[in-house]
Each structure stands twice: as structure tokens, then as C-alpha cells.
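Sharing a structure, written as C-alpha cells. Questions coming.
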């Protein structure tokens, strides 16, 4: 089946983006499925039960924002992409495999957020996810293999740096787990200001 | 990665809308997952078991219609939007975080709909969701920051009033919870005639 | 927010269709979630356990095909629709509410398919779903309110007849439940040849 | 409802593709729902519990890659398709029914991956899924019934061979189950090099 204009097909590209969006949207929404009210025996116990779930709420919010930022990064990558090939599709499927795995890692974090091993496992999953996304960008952008030729070398390099930010932050947070699990989780919040600083440097630096 | 024509990119905007639709569609469909038939020991118990679930059916229908109306409002907002920036995307991700949280709040309501604390929690979640949606509209429409320049100041103000209707109704329902949980739930039905009245005022007022 | 060209907006229409597709796709895929292997104590019990689930497989397949045919019908309706208004959106949300409720009805059928009350409940849910879809078509097509003006009166009437087929078959199956639950389920298979006959009559009659 | 230009309608075709993508995306993401951490009594048990889940991780990864390759194949088929009819839609719904059933088969594999019957059941489900996809391609491509007329007979034949690869590999793996369940699972990995070889033969052979 040698399709005409295979490489540059806009419609085929849209379908890849669409499928990715659907997978990410499902994974991000399933994060909340892990939050369940424990059984209560009287109405008076409900406020306490709702409050006692705060580590779950926190785990949900953290994971939602991290996956949300991965979606945003995926959005940026594919706005640059103009062509695709089998390798890009398989790298993307690998990335989605990681994303689909996040609700499990997030459930482990929500249940055992005060345990070092759970935080380590979660950071590891997120780090691998971010590394595959970086790989996807490097593969697509290297020598403008699949991206718009109007991108400057500088823009490509900044894209790589931005894609590397989450996995590097997750990597650097690993030793903090030895101090305290929550110290590592607090460090993850650095992803946002770091990315904002990189954007600022890119625009005005 | 300085993309060409970043601000006005129609395709990028469509993908944001698409991702939002997917998240809202998943959350609204998951609402029904909370309805489960209790174990029955003979066929004769099934009708009773099905009928005994009516608070769940009610909770499902209420949540479906509220989330449906939030989807409809989101639809209106993004039909006006012409450009996007990082702030809009993050406000939208926050809005989706709330939407993804609704199935949990709805499960609490379906299980303990006759308890004040459960109704209060539900109204609170819905109020915050509506407020973030209002914020999104105000941010996008203020001085035509991201919306179509053809919108009149009056149309923008009416959009704000309409976006504020659900959170205000949920806020006003809070004291009614002290009277009776069902009184508050009945008050939520006011969202629909109020919004219809506002639309009428906008068209003919 | 008086949008320009509100009534005829193609993009807004696409988003309604998209959102509906997503809800239907989620509901139809969740149907399989009800199938769970019972606990087995040795590998030799697995074949028996897999075979013992046949009423679940049957319930899944029946519901998948019925929802699939409702999706197909929705597809037909919206290929005719050219404009939309608030009433159409709310009728559509009501239709989706029914669709999101189907996995629950299907779970009841899969668990108690040999019980009259379960089959009755399922047929009722499917009948109401089909009636709302009929209503949606009648509303949109009446005097070409929202559909393409090129549709003939005959095409509109055939559309109504086709939309009415599933709810009528489900209605007529109700007395058969008194004979035997499986008699009613067998009758549902009549939806397909009936719709094919109607299409044939429309084309060549 | 005799729609104008029914056969060649691009928008209608996009909606079929879209609905399929959504169903596949949901099924592929639900695969991870089967992975659940067993209850642990102390933080020190978490690493062991996480490691003990490796058959689940493996089952998840295998299923994700197989469903991912079915999605990729579906993507190829529908990039060739230019028209549709009722038969194509129903073949596609049958294909999606199989895809929606995969998370159940995958759960059986993840739970009992060392049992012959579970691996047999899984291979059977995947084989049927692949056969229906082949049927879909053969139906659409036969005498260019629904595909682009620019496809050569050779390209159509290669499409058939490629579509047949997964079901044939699953078929050939069945006797290997008698040797050892894991031998069969290892054989499934042959899908990827075989498909790559076929593509190479198509391009340069």
C-alpha cells in the first residue's frame, strides 16, 4: 500500500495527534478514579473522611498538572512537526504507553505518598515519560528531519532544553527522597518556574 | 521553539478545544460508573434493588446536566476565542482538573445525598469549577485580549454574567443546605431558567 | 455574547458532533469493563471460568451492537444537520445522558439476563434512548428547521421511520419477556433486518 | 433520508475514523486499569509488591503494543479509503467490538500469564481482531471498491499481506503454547520484524 504523498500527509498527521490527545485525555481523567470515599457509618463522619483524603487530592492534583504539562509539551512538538514516518509513530506509541501507565503510578503515590519507595517509583515513571518525549523531539527536529524548515537551530535547541526540564527535575529530586518524600514532591514544583525561565530566555535572552 | 504565527494558530486552538472536549466527555460518562446494582439473592429482589438506587440516578442526572451545561459554556467561550497563550492553556487545564474531579464529588453526593456535608462538598466543587470558567472568560475577553474583535462590550459583559450564574446559584444554595439537603439540590435547577432569562435579556433587552 | 453567524457555524456544529462521538465511544468501550473473570484456584479452572461468562459476552455484544447502531443513526442525523440552536444541544445532551446510562443497564442485563425484571429494565432504557434520538431528528427536520433544505419530505419521513425502529422493536419485545427473557432478546435482533428493509424501501420503493 | 453525495462524503468518513480512534484510545488506556498494587502492611513491602507485579507490566506492555499496531494498521487502511457504505461501517463496528474486548483478554493474560488456557484465549481474541481488520481491508480494497483508484494491485496485495501478519503470527503461536506459555508470547514479538520485512520488500523488492 504505497500511499501517494505519504510523508507530507496533513490528515494522517492530524489523526496521530488526535489519537494521542484522546489517550492523554483518558489517562488524565482516570487519575481521579483513585479517589474513593472510605465507608462511613454516620453523616457526622463524612467531613472527617473527606478531609482525610487530602494526600489523594494532592496526588491527583500533582499528577494532573504533570500530565497536563506533558500534554502541553506534546502540543508544542506536534505543532512543529510537518511529516511523519514509522519511527515517529512508534516513539509516540511508546510515549503514550508511559502516559497510560501514569494513573497506576499516581495511585501508588496517592496511597503511599509518605513512603520513599512509592515516591521513587513515581518519579522514575515520570522521568522515563519525559525522556521518551525528549527523544521524540530530538528525533523529529534533528537536521529538520520531520519539522518545519523555518525553525532555527536555536529554536530546536531550546525545544530540547525545555523537553529535558521535567525529566531532569525528577532525576534531581531522587536524592531528596532520602531527606523526606515530601521534599522530593515539593521539588517537582520547580518544573513550572524553570520552564517559564527557559521561555523567557528564549524570547529575550 | 519560536513557532511562526504562534498567537493566531487555528490548528493549535482546535487541539486545545479537542483535548478539553475529550476530558469533559470522559468525566461526564464516568459519572454513571458510580451506579452499581447491590447484590441480590433472587430475581424477585431486582425490581426493588433497581428502585432503591433512585438517589444514585438523581445524582447522576444532576451531575450530567451540570457538567453538560459547563461543556456548553466552554463551547461558547471557545467559539469566541481567536488566539491563545500559555495563561489561557493553564487556566483551561485548571478548569479540566475541576471537571475531572466532579465524578468523585458526584459519587459522594450519590452515596450520601441526604447528608448536609456531602451536599456542601458537591456545591463547593461545582462553585469552584464555575468560578475558574468565569475567570477563563474574563481573562480571554478583557479588552478583547484573545477573542474576536467584533464582540461588543455588552456581549462580553453578558458572557461574564452568564458564566457567573452557576457559581452564584451554587453559592446561594449553601444556606439552604441548613434547611434541608434536598432544598439546596432543588435550588440548583434555577441555573437553567436563569440562564434562559439572561439570554432573553441579551437578545431583546 | 452575540456571536457572528451563530446559527450556521460549521465549527461549532463539528464540536457538538465530536463531543457526542467521544461520549458514545467511552460508553461503548466501558461495556466490556463489566466482564471480569471470577477467581480461580488452579489453571485447570480457567477454561470453565471463561466459558461460564458467556451471558456476559452475549450482553456485551448485544449492547455494543445496539449502541453502535445508535451511533450510526446519530451519524446520519448530524450529516443532515446544517444549523444548531440551544434546544438541539439540550436534546443531544439528554440523548448522551441515556447513552452514558447504558453501561449500567448492560451490567444489570449481563448479571441477571435470565431475569424478567432485568431484561425489562434494559429494554426500557434502550427504548427511551431511541425515543429521544427520534425526538432529536423530528425537531431538527420538521419544516427543515435545522437540516439541509435539499432533503425531500419523503426523505425526512423515512428518517423518522428509521429512527423509530429501535424503540418500537424494544416496545414490542416487552410482552415477549413474559414468555421468556431470551425470547425478548432474540426479538431485538429484528432491528437490523427491519432497518435494512426500510433502507431498501427508501431506495427502490 | 437520501443524502446528497453520500458515497464520497469526506466529513462522514472523518467521523468514522474519529469514532474508531476514540474507541481504540479508550481500550488501550484502560489496559493499565488492571494493574493494581496489592495491599501492603508496611512501607518496606512496597518495593517487593511493585516488583511482584512484573507479569502485569509485561501483559500491559504486550497488549499496548499489539493494540497500538492495530491502530497503526487501521490508520493505514483509512488513509486509503475514499468512500464508505453500510457494510464498511458494520465491519468497522465489529472490529471495534473486538478492540473493546481486548482489555478483558489482557486482564486474563496479566492474571494468569503462566497458564496455557489464558494465553490461548488471549491469542484467539487477538487473532479474530486481526482477521476482521483484514476482512475490512479486503472488502474496501477489492476492485478499488472504496479506496483511492491510484492504488496499484501490488499495493493492495501488500496491504492484505501486512494485515494478515498479526493473525497468522497469533495462529502459529498456538502450538507453541503446548511447549510453554512464554514461548508463545515471545513468538508474538515476531509481528514487528515481519511487518518491517514486508514493508522493505514492498519498497525495494
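The letters A, B, C and D name the chains in turn, as written, and every chain counts its residues from 1.
FYI, contacts are C-beta pairs under 8 Å (C-beta built on N, C-alpha and C of every residue); 3 or more make two chains touch, one makes a residue touch a chain.
None of the values given here were measured: they were computed from a predicted structure.
> How many links in the shortest chain of touching chains run from chain B to chain D?
The least step count works out to 2.
> Looking at where chain B touches chain C, is over half of the residue numbers used by both copies, so same, or under half, so different?
different
> Farthest chain from chain A, going by the mean of C-alpha atoms per chain?
C
> What is the distance, in whole Å, between the centres of chain C and chain D, each centre taken as the mean of its C-alpha atoms?
Averaging C-alpha atoms per chain gives centres 25 Å apart.
> Between chain A and chain C, what is the gap in Å from one C-alpha centre to the other?
36
> Residue numbers in chain D touching 2 or more other chains?
18, 22, 26, 30
> Show which residues of chain D lie in contact with chain C when the two form their complex.
Interface residues on chain D, with respect to chain C: 1-4, 9, 11-12, 15-16, 18-19, 22-23, 26-27, 30, 86, 89, 93, 96-97, 100-101, 103-104, 107-108, 111-112, 114-118, 121.
> Under the definition above, what is the set of chain D residues touching chain A in their complex?
Touch list, chain D to chain A: 17-18, 21-22, 24-26, 28-33, 35-37, 40, 43, 46-47, 50, 60-61, 64-65, 68, 71-72, 75-76, 79-80, 148, 150-152, 155-156, 158-159, 162, 199, 202-203.
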